[in-house]
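The structures come next, written out as structure tokens.
Both of the next two complexes hold subunit A, though its partner changes from subunit B to subunit C.
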Partner chain A sequence: MSATLSAPVPAARRIRRRWLSPLLLLLPTLLVMAYAFIAPLATFFEYSFYRFRRGRLEQVFTLDTYSRFLFDDYYHLIIYDTLRMAALVTVLSLVIGYPLAYALHRITRPSIQRFLGLLIFTPILVSVVVRSYGWIILLSDQGPVNWLLLRLGIIAEPVALVFNLFGVVISLTHVFLPFVVFPIFTSLQRIEPELKEAAEDLGAGWWTTFRRVTFPLSLPGVVAGAQISFTLALGAFVTPAMLGGGRVFVLPLQVYNATSEINWPVAAVGGMVLLIISTIAVAGFNRALKYSEVR
Partner chain B sequence: MDVDVELVGVTKAFGDFVAVDNISFAVAKGSFFSLLGPSGCGKSTTLRMTSGFEHPDRGELRIAGEDMAGVPPYRRPTNLVFQRWALFPHMTAAENVAFGLEAERVPRAQIRTRVGDALALVGLGEFAQRKPSQLSGGQMQRVALARALVKRPKVLLLDEPLGALDLKLRTQMQLELKRIQREVGTTFIYVTHDQGEAMTMSDRIAVMNKGRIEQIDTPQAIYDRPATRFVAGFIGNTNIAPVTIEAVEGGKGRVRCGALRFVVANVGAIRAGPGHVALRYERVRLGAAATSMPVRHEAEVRDVIFAGSVVQYVVILREGPLELIAEQSHEGGEPLLARGARVAVGWDAAAARLFQDEEG
Partner chain C sequence: MAAQAHRPAGTPWRYIVLGCFTVAASLFIIAPLAIVVLNSFNNVAYTVFPPQEFSTRWYANLFQQDIFYAAAWRSIVLATLSTAIALVIGVMAAYALVRYRLPAPNLIKAFLLSPIVLPKIVLGVALFMFFVRVRLIDNYSSLLVTHVLVILPFVIALVSASLANFDWTLQEAAMDLGAGPVRTFFRVILPQISLSVAIAGVLAFITSFDQVETTIFMVRTGSNTLPVEVFLYLQKWQDPTIAALSTLLILFAIALLLLISVMVRGRKLPFIPQRAGEATP
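Moving on to the complex of A and B:
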């Protein structure tokens, strides 16, 4: 009896044992991913090589659609607009989000901190359609923002704040703010308070301490926030559709339009391009994250 | 005596908790001064008030003759070595050391030489380009020291900087710190709960307890003549026993502990009543050495603790009964006393210290 107990487990079985339970735990996710992501992607990929002519899909292999995306100015402009919108949203959410995160970090009363955290979280609680209509009302020619600017004499006549890139960027920034604020807040909270005291003790005032100690150490949060808001902005559809007024023609909108014309190849290639851009962006941000972390 | 740091009647409370209770002391220029006490005694708060991170509720704090009220940490002529060193993790050792000089806007060329000198002083010249994560605890400790010293502060404050190091390294760093202090001639104020550390390095020690200073003196004076029962118990290995003080005459006190009666010499201002006697382990003699002592009793060995260079005997005095620990140096060779052995116990009347119990 004791001999069988103490007998060494064969190496192969040990390895199998070590892999078995993680594999079982991953299985449901893997199945869902295979069915809902990999398989459609493969179909998608297949369609991207078909030909679409005179409103009809022909199952003929062609690289035509790809070459149009690569060489046609029309698609270049769409890609450029998409990237520009995502970049603007990212920069604006960082510019607004960092001070917010810093304020949240500096507030020491837990009750106020919780309340402010909830406040920052609210944009996510509202449906995207409702939120977009809200912004349309706020930013329209007769809306409160224009009214205030007119009354203050900053402008002579109403300016176009909505149904253009400006409106889209404002609204997207609003939604993505929590995704930027919380990673930055977390990395600020993780900085040892002693480090700020050490900087102060060594003769650094508030600004030097922030510039040389606090900010560099909060960079992982900044990069993480930028990554989330950039990739989310790339795929945003409803907001550009509702607040863009047809002037913000980004890739997701183009894909949507192509599908409604049953132009599967263009929709498929559009989706592929979006996927490639997102992948490159994520890889780039991951690299930046690695460098921003203290080694 | 040139005074670098002076506290007069300083009090600091956090809510209801009085962390520092009306303390006053002066630190001589160029000296090594320690604040010693158990955790929560107010020593760290005192240090943080000196560096400017906390502000006294009452009292005055002067550094080099100047009142420090309202002076922020970055404008004080002090620098602090933090308990866990607080090195900037994203900067190399050299960048850490240079930080304080850059904040002061010292010219570049001068920064380079001063950083080099400071790192050489702590013996870390070759490690200048390493990040803190690539340094050992002892090396980080040295970088923290160099970073503070490079600022040429009038007063260097150290908050238990050796606490996170292992014993061997700690002993080595104690000697190193003392050497550096002698070399640079800066006033050091050192906070520690480790009496050995304070004794080895300090010129003077302030022993703190519950926010108050119990005694300020040289290490030897504190060890030989503890001013209070707390100091006697906190520093060194001490037997402390409750006694009744029966009479005091001519500087001598006659005390009783159960059926045990003896005399304590040099008692100072003490009245009859309840009190405590403190007696260092190593001042209790056993066997032949006890017979020549003025205080002599019969005892039984309860326990033998052999620790290499010393042997400790737990003995019970039959009168009393009173349990004492006696420590003898072990020269090697001689046989140890056995458990249960009868032995004579004795001590010099001047070896014991007598403390009056505080009323209430």
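Moving on to the complex of A and C:
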């Protein structure tokens, strides 16, 4: 619009300006990305091809560290534990997150919907360290959960709920729940109400309507939620470190420990394995997302 | 509201089940925060439920610990600085993404948002190795640029979503009336997207304030940020001093929440989904 009204600008200058402005606007961000993202990742990648022997870093190109990682049962177990933890967290957060998103979607009174929404999303504002600490107290031997189970007579003596896989999975589910509820809620909100009405008019009961109409149409949200919680769980460090009690030795902890022990090549290879697993997971979920949208 | 017309008069049992589940899930969400507050008033140094005696001694103990006070101050300064920087350069980048025709715009956007996807521990260790190599590990600028990098994607994502909904005829009108591009931005565009920028700022601040993995290798004893200090303290001790501190942090979060709800009062957020078929005024 403005171009037609203002005086004609020479073509060469116009083309240069068309490129110059966005480049200048993007430049600070691109510089930060190059300096604090690309260069560090390149360094990280480089260290994965070095070797650490007899307490010393050897800066020679070698695949030793990779092959040690890939053929050692110790590291296989770490990878297996990481995948198992992420899978458990994903399943549990979907099991809790789906009905919660559905409730948030079905509540028609705006004040209650607003309240529930705030309740679900407020924990994001509180530090993960604080939330994990809360779970340590909740699940400890003398804590409220054991107290309740004892009072109800379900158990005779306190059971170990924390400093093991159980505690980590529960706490991570709590941390990721908002990220699972949000995409499911979004896809539920997008469903045209006419579709449900049509199903009900055609004689389908609520269960059939849910199973054949609502649930399939909300699948993209489920897949997106699973993607977020699985990939976040793969990279989780604070919660497994605090609530794992040394029994949940996942890849991020291995990377942290190796770095602390100045064994950078092993840290770098562990991180690369984590990155590769994450990438495969993201790609797999993207594939599932496409499939879930087609139906 | 179409759903209501089909709801039978009596509440079906499935809604009761869903209601009970929702209450239970709400308890699940609240419990770890509530127990921290309760435990901060617990008189004894170990966890015991229900608490036998209440006291405020852990708060008194907390206020005597200079390390937490110094760490909190350090975190606030760092979060404020990095948020300010990320807001300025993030809004610029979002503007370029939405307003200009770039080559492969989706690829550029995916690249700019990619630090979110990367496991934070990988990012933290990579930054540590890099800054050790360039001998800037004990430099404050390293810490600052790390936090800017981590929070930039949030700013770019939120602000570009808001700019995508912006009515660009307003900008054209302002430019046609003779306002320069900079003046148009500050007088016309910025007021329209101010809510999203403010929310992005709050989220960026919190995200910076909550960094553990990306920061833990970058700081030393005596220069720790608050979450790192708390994390390391909890590796050694678990007395309710941390509960008292956490209670203050929860209050801080609630204050932020009130701030956000005052900001969004009566306004529509571009990124909150509306129910399909519902008229949007």
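Everything that follows uses one rule, which is that the second predicted complex is superposed on the first by the 263 of 295 C-alpha atoms of A that agree within 3 Å, B and C clash if a C-alpha of one lies under 4 Å from a C-alpha of the other, contacts with A are read in each partner's own complex, and residues count from 1 in each chain.
One rule holds for everything that comes next: a residue touches a chain if its C-beta (ideal position, glycine included) is under 8 Å from a C-beta of that chain, and two chains touch if they have at least 3 such contacts.
Keep in mind that what you see is a predicted model, and the values were worked out from it rather than measured.
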Subunit B and subunit C placed together on subunit A: clash or fit? fit
Now for A:118: first (subunit B), second (subunit C), both, or neither, which partner does it touch?
second
Is A:202 touching anything from subunit B or subunit C once the two structures are fitted on A? First, second, both or neither.
first
So in the superposed three-chain picture, is A:194 touching just subunit B, just subunit C, both, or none of them (first/second/both/neither)? both
Check: Touching A:22 in the superposition: subunit B (first), subunit C (second), both, neither?
Finding: second
Message: So in the superposed three-chain picture, is A:156 touching just subunit B, just subunit C, both, or none of them (first/second/both/neither)?
response: neither
Counting residues of subunit A touched by each of subunit B and subunit C, the higher count belongs to C
Which holds for A:213: it touches subunit B only (first), subunit C only (second), both, or neither? first
Taking every C-alpha pair between subunit B and subunit C in the superposed model, the minimum, in Å, is 5
So the subunit A residues that subunit B and subunit C both touch are 192, 194, 197, 200
So, in the complex, the side of subunit C touching subunit A is made of residues 1-4, 6, 12, 14-15, 18-19, 21-22, 25-26, 28-33, 35-36, 39, 46-50, 88-90, 92-93, 95-97, 99-102, 108, 111-112, 114-115, 117-123, 125-131, 133, 145-146, 148-149, 152, 156, 169, 172, 175-176, 206, 209-210, 212-213, 216-217, 227, 230-231, 234-235, 238, 242-243, 246, 249-250, 253-254, 256-257, 261, 273-277
Within the complex, subunit B is touched by subunit A residues 192, 194-195, 197-205, 208, 212-213, 216-217, 294-295
Contacts from subunit A onto subunit C in the complex sit at residues 1-2, 5, 18, 21-23, 25-26, 28-29, 32-33, 35-37, 39-41, 43-44, 47, 96, 99-100, 102-103, 105-106, 108, 116, 118-120, 122-131, 133-138, 140, 142-144, 146-147, 171, 174, 177, 185-186, 189-194, 196-197, 200, 206, 231, 234-235, 237-238, 241-242, 252, 255-256, 259, 264, 267-268, 271, 274-275, 278, 282
As the complex stands, subunit B meets subunit A at residues 51-53, 72-75, 78-80, 82, 84, 86-90, 99-100, 103-104, 131, 133, 147-148, 151
